[in-house]
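Please find one structure pasted underneath; my questions will follow.
As written, the chains take the letters A, B, C, D, E and F, and residue 1 is the first residue of each chain.
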C-alpha cells in the first residue's frame, strides 16, 4: 500500500538505469482518416497484459527480470502533428543516447516518423523493416504531408537525407502490403522500396541480406487479417494470420541488429471483444522476449 | 458546395446513360428468421467504401471511370414481401432493358428472387451460381413460401417455368453449403441442383461446363466463415476464408457471361467492429473490377 | 433436475387452468421502418425478470402466486403480416373465451391489431387507451396498410366496424404523443381520437369518463424518453420519465375494466446496457401486480 | 433510378440557388482530447434523420419545402487544424456572400472558429450565444492554441480584433457551463464573457438585451446531460434535459438576428443505442423550423 | 521519462506519509447475482478521471494538492469471499491506524463489509449512511451469507457485536431504497434500520441527529436512475438524478464526522457509452473535494 | 398455449426417464480472473440453438428424437466455490446413477472439478481428455486453490486419490495448450500429464491407446483461436480453427467410452456479434450427434 499504483506492461518492471529496453506509448491519432481511437492502445495493452504470462511456449523462454522499463504514455500535444513528432523524436533520441532500445507503442502509424528521425540521425545507414497492410507511400493525403498514409514515404525521405552517399532506395523492406493506390504500388516496384506484397514470403532472405546493418522495425498490426485483428481503424481483409505474424516478428527481433521498433494501429474501441488487444499484447511479448534473450 | 451530397460506392460515379453496370440496394429483411438488420447493408458499404482504393493489387487493375452507376437504395414497401419483390423485379427489368448489368446489394437473401424473376424472363436458359452457407431450399418456412430460407427453391421454380423445354435441374450451381435440413440436402443431391457442399471446390470445372450461357450470380456473404464475416444474421461456422471467397467471385465475374448479380446478407449492426462491412466492400470492389475489365 | 427448463416472467408460474392472466409473446418486427429487433423482447424480459422481486414497494403489494400463466412466445409466420395477425387474434380470442386476461408482449406495435380484432369482437363497445410517442395514425406507410405506423388507424377502423351504432371516434384515448405527420395530428384533433399529446396529463379525468366500459390498454414503451428507454427502434426525445410512466400504467390497471393489454416496442439489441429491458420488466411487473390485486 | 443517390438531412432538398439556409458538415476531430469520433456526426444525422417528420408538434409548424440546402460534409485536410479552419472559413464566407444562413454540423467544437472568423469579418459587431458544458476558455491546451478546449477564447480574440472600437467583452453569452478550470471560471466571471453557468436561466433577458444585433449561435450538444446525450467525447454529468435544450435553441432561432450557427460534438460511435443521434436530429430540426418560419 | 507510469485518480498524487485520504480499489465481483464486471471500476475511474478538472464549480473549491494518496487496486484472492474481506479489512485497518481516511472504490457491494469490520472495531459506536437502490438486507442469498444482497444485514450484525451496550438498530440510515423482498422492507421498517425509501428526503434531519458521531458512508451508485447510471449489474429504474445524488454525497462529506467511505457497483462493461464512469468520477471528485476542504 | 414455455437446446426434448444424455448448465464464473460472464453461456446456447438444424452435413447424421434431455441451468450458490462444486457433483452423480451421460455446459472451467469428482468416484480408472489454450495446472492462484487456473491440477489430484494403485500421471491428455507459466509446462512435461501443446496432433494415437477405458472429456472452447471464438474471458491468440476443433470433438465422442463431458468458457457478453455462441452451439450439436449415434 505504500507503493504508488504503477501500471507497466507485464514483466516490464526494471528501473530506467538498469533497463536495456524502454517502452513508451505515443497516444496520437489526429491524422487517422477513417476511425480514430489508436490513442487508447498503450493504456489497453498495459491493462490487459496482466492476462499474459512472461513465459513463451513458442520460444520456450521467459522475459528476464529487470531488463525492460515502461515509462507509460507520453503526454502529447494533441492536434499538432509537428509538435507531436518532435516530442517523439526527443524521447527516442534520449533513449538511444542512453544506449537502450526504444520500443514505441502507437498510436497511428505517423508516430513512426518521429522515432525514425531520431534513429536515422544516429544510424544514417539504417534499414527499415515494415510490416503493414498499406503501402503508406502517398506523396500527400488530402493536401497534408504529415499523415499516416504517407509515413513510409516520409521515412524514405529521412533515410535519403541522412546518408547522401547512399540512396534510401532498397533500404525499406515492406511486407504484407495489400492496399494502396496504383501509383504507390508502381513507385514501390520501381525499386524505391524492397517490396513484398501480400505475405511475409522472402523475409528470411531479406534478413540475411541485411546482415548486421542497423534496423528499425515498424509493425502496423493491420498486416494481420481482420479476422485475427479487427480492432484497427481501417480493417483490410486478406492479411496474414496470427502465427505467421508472430513468427515473423520473432524472427526479425532475434536476427537483426535492432536499434529501435514500434507496434502501432491497435484501436481498442474498434474491437469490443478485446481479442485485438490480446493479439497486440502477445506480439509485443514475443518481440520483447526475443530481443531480451539475444546474446 | 454547389453539388448536392451524392453518396456512391467508391468510384461508381458514372451517369446512368453511360453506365455499363448499375448498382442498387434492396434494404429488406422482413423474413429474416434470427437477427434482422441487413437493411442497413447498402448504406454501410457506400459509407465505408471510402476507405478503399479503386486499385486491386490482386487483379492489378483499376475500376474504370464512368462505367458504374449507383442509384442508391430502393424505397421498398417494408412489411410486404410480394410488393417488395415486384419493386425489385421492375428495377432489374428496367436495367436489363437498357442493356446494363444489374448489381444488387441486399438485404436478406429473399431479394434475389425479385431479380431472378426479371432475369429469367429475359434469359430463359440462364444458370444461377450460388455461394452460400445455407441450402435455402425449403419448400416453406413456418408456413411462409416467400422466405429467405426458401429463396433458391423459389428460383428453381422460376427457372423451370421460364423454359419448359429445359428442366431447371442442374442449372443452379451451389457452392459452400454447410447447413440445412436433411431433406434439403437430399433434394439437392437427387440432382435438382448441382451441389458442391462446404467449399468452392469444383468451381473451375463448372465454369467451363457453363460456357457462355447467361449466368446470374448470387453471393450470400455468409459463405465465408464467421471469423472473417461475423456481421450476418445467422453466423455459420466452418466457412471459407476471405481469399478463397475473393478469388471465387473474381473468377466467376471474369469468366462467365454474367447478366446479373447480387451480394447479400451483410448485417452491419451484428458486427460492431466494422470488419464485416470492410469484407463486403472488398468483395464488391473485386467483382466490379473483374466485370468492368472484361473484354 | 426432473423438471424441464421452464422460462417464465418472474412469478408467473400458474398452470393455465387456474390462471387469471395469460402472458404471451409476439416476436414480430417485419414492418419496423428503422431498426428492427423487437422480436427479441419476450425472451429478454423473461430472462432478465429474474433480477426483479415480486414485491412492489410502490404499491406495497406482491404478485400473488398461481394467478399468472406465461405461455412463452408464439411461433409466428415471420414475413407475412396477415398470417401473423391472425395467429395473434386466435390466441387472444382463445384466452378471452376462457375468461382470462390476455397480456401480450410485442414485438412491434402492429401486433396490437391482432389482439384488438379479437377483443373488439367480444367487446364491441370497448375503449382503447394508448400510450405512445407516435400517433400511428397513417392511412398507409410506403403503400402498406399493415404497418406499425398505421396500427392505431387500423384499430379505429376495427372499433367502427364492430359497433356500427357507435362511432369509433373518441373511444381511442392517446397519451404522450409527440411525433407524427401534420395530417395525423390534424386527423386526431378533428375528434377521431381523444388526443392528449406530450404527457399523461388528463389521464385521471379520462379514466373517470370511461367508467366501467371495457378497456384494451396498449403501451408503446417509447412513450418514455430515450434517456430512460433508449432500447427501441425509433427513439423519440422529449418523452415522459419512468416514474410518471409507471404510475400511469398502474393507475390504468387498477381502475379500468381491463379486458386485454399489451406492452411493445422494446428492442433489446438497441440497448447494450440492458437498462431498457429492466425498465420494461418493471413496467410489466407493476401492471401485473395492479391487475391481480384488484378486487 | 435515374437520379443519383442524394443524402440530405430530412426535408433539406432545396437547390442551392433558391435556398435560404445552407447545411454543411465539418467532419473534424483531430484535437479531441478524450474520445474522438465526432467526424461521423454529419453522416449519422443525415442517415438517421429519415426517422423524423418535417412537422414539429412543439412549434406546430413544418419545415418549408425548397428552403434548406444540404451540401454534405466538406472534404477536410485531416490532421492539419489550420488548413481545416481555413476550409471552413471559406465555405462560411461564400454562403454569407450569397446571402444565405450557414448552418454547420461539427465535428468537434474547434470547427466553430472557422465559421466565426468568416462571420465576424462580415459582422464585426456580432454576438455569440454559446450553449455548452465546458468553458472552452483555456489559453492553450498541452501547448496547443487551436484546440477544442480553447475555442471560445479564440473566438473572443477574433471578436476583439474585428471591431477594435468595441471590446469583445460581454459579447459572448455562455449558458449551461459546468466544467472547466478555476482560472477559466474566474476569467469568465471577470466580465470577459456574459457567464450563465449550469442552466439556461437568464436566456430570455439576454435575448432581449441583444436586440437585433447579429448573432452567431454555437451549440455544443454536451450542454445536455449524459442521460439524454451520452454520445459525446467527454460526457459531463449535471446538464440540462432535452426539452429545456430544445426550447432554448428554438427561442434563440426565433428571436435573434441569426447570421450563422453550428451544432457540434455529437460522437456517434460513443452511443451504440443511437439515442444521441436522435436527439441531435431533433435539435437540428427544431432549429431549422424555427429559422425558416420567421417573418 | 525517468518516472514510472503511475496511474492515480486525477489530482490524488500525494505521498502516503503526507496524505489525509487514501484511495484503494477492491476489484471483486464474485457474488454478483446478475451481470458481473464491477472489478473493472477502479481501473476505469482512474483512467477516465483525466477528463475531469480538480475544480468543482458546484462547491467553488479545488481538490488540494498533496492531500489524497491513491494506492491503486488491491490484488485480491478472486473466488474466495472470506479471504477477500480479510484483505480489505486489513487494508482499512492499517489506513485508520495511520490516522487517515480510507476511501474504497468497489467492486460489488459486499466489499463494504471488509471495511466496516475494520471501522467498527475502531469506532464501536459508529453509524452507517447507506445510499442504494436495494435493501441488501437478506439473511442469505441462495444459501450464501457473504453476498452483495446481504451486505447491510451483515454490517448490522457487525455493529451489534462491537458495542453490545448499544443496539445496532437505528444506526444504519438507508436512503433511496426502491427494491427488495417484502420481508426485507418489513424488517427495515420494524426499526432495525432508519429507513428512507425512494429518495434522499430526510437526509438533512438525519445528519443533524447524528451530530458528531463517527460515520461510515457507503454509496451504491445504483441509487441513481439507470438513465443517469446504466453501467451497473442490476439497473433499477426509478432512482434519483445526478444532481440530487451529487448534492447528497457532498452534504454527507461536508457535515459528518466521516471515518471511512466507499463508492461501489460501477460496472464499466455494462455501459459502452462511458457515461456511467463519468458519473462515478464526478461523484468521487465531489466527495474528495468536500472531505478535504473541511476545517 | 397450454404448454409452459420450455427452453431446451435444439432437439433435446426427451423426457428424463427415456433420455440417454442429460444436459445441464453450470452458470458459475466467480473465480474468473479477467473478464467474467460465462454464467450466461447456458442461456445463450439454448436461445441461439434455434438457428441450428438437427442435421449435421459433416457426419451426415441427425440428432435422434427422445434421446437427449436438457434440465436447464442449475441454481447455484453464487459466491461460494465449494458449495457450487458440491451442487455440480451431486447433479452429475445422480445422472450417472441413472445410467445416463452427463453433459455439462459451463460456466468457467472450475465447474469441471465438480463433475470429475462424481465421475472419478464411479470410474476410478478413468482418463480425462482436455482441450484448452491454458495448462490450468497451477498449484494455486493468488492463494486460492479452487480456481479456474488450477482446475486440471485439482482433477489430477482427484484421479490420484480415487485409484491409489494407479498413478494419475499420464491419465490426463492435454491438447492445444499454448499458455501457462514455465513451471506448469515443466510439470506437465515431467510426465504428470500426457502433454500435446499447440494443436490436436497426436489425438488419433491417444484415442487408440486409451482403448475402452472410461473417459471424461472437458472442452475449454478457448482452445480455438480468438478469430473463431473471441467470446471468452481470456482470448489466447494462436489456437486451432473451427473445423479442426469440430473434427476433434467429434472423433473423441465417436471413439471413446465416454462417461461424462463438459463444454465451457463461452462468455457471451464478450462477443456482441454472437459468432462465438454460434460456434459453441455447433460444437455441442456435433458432440451430441456423435454420442447419440454410436452403436
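In the analysis below, a contact is a pair of C-beta atoms (placed from the backbone, for glycine too) under 8 Å apart; a residue touches a chain by one contact, two chains touch by 3 or more.
By chain, with names taken from UniProt: A, B, C, D, E, F = Agmatinase.
Since the structure is predicted, the reported quantities are computational estimates derived from the model, not experimental observations.
Asks: Hey, which chain ends up farthest from chain E (Agmatinase), C-alpha centres compared?
Replies: B
Asks: Take the average of all CA coordinates in chain A (Agmatinase), do the same for chain F (Agmatinase), and state the distance between these two points in whole angstrom.
Replies: The separation of the two C-alpha centroids amounts to 39 Å.
Asks: What whole-number Å value describes the gap between the mean CA coordinates of chain B (Agmatinase) and chain D (Agmatinase)?
Replies: Measuring from centre to centre gives 42 Å for this pair.
Asks: Multi-chain contacts in chain D (Agmatinase): which residues touch at least two other chains?
Replies: Counting only residues that touch two or more other chains, chain D (Agmatinase) contributes 33, 35, 225, 227, 272-273.
Asks: Name the touching chain pairs, would you?
Replies: Result for touching pairs of chains: A-B, A-D, A-E, A-F, B-C, B-D, B-F, C-D, C-E, C-F, D-E, E-F.
Asks: Which of the residues in chain B (Agmatinase) come into contact with chain C (Agmatinase) in the complex?
Replies: 29-33, 35-37, 39, 75-81, 83, 110, 141-144, 146-147, 269
Asks: Mind listing the chain B (Agmatinase) positions that touch chain A (Agmatinase) in their complex?
Replies: 48, 50-53, 55, 57-58, 62, 225, 227-228, 241-243, 246, 272-275, 278-279, 282
Asks: Within the complex, which stretch of chain B (Agmatinase) touches chain D (Agmatinase)?
Replies: Per the stated touch rule, the residues are 1-8, 16, 22, 24, 43, 46-47, 69-73, 91, 94-95, 272.
Asks: Quick one: in the complex, what on chain B (Agmatinase) touches chain F (Agmatinase)?
Replies: 33-35, 177-182, 185, 197-198, 225-227, 230-231, 234-238, 270-273
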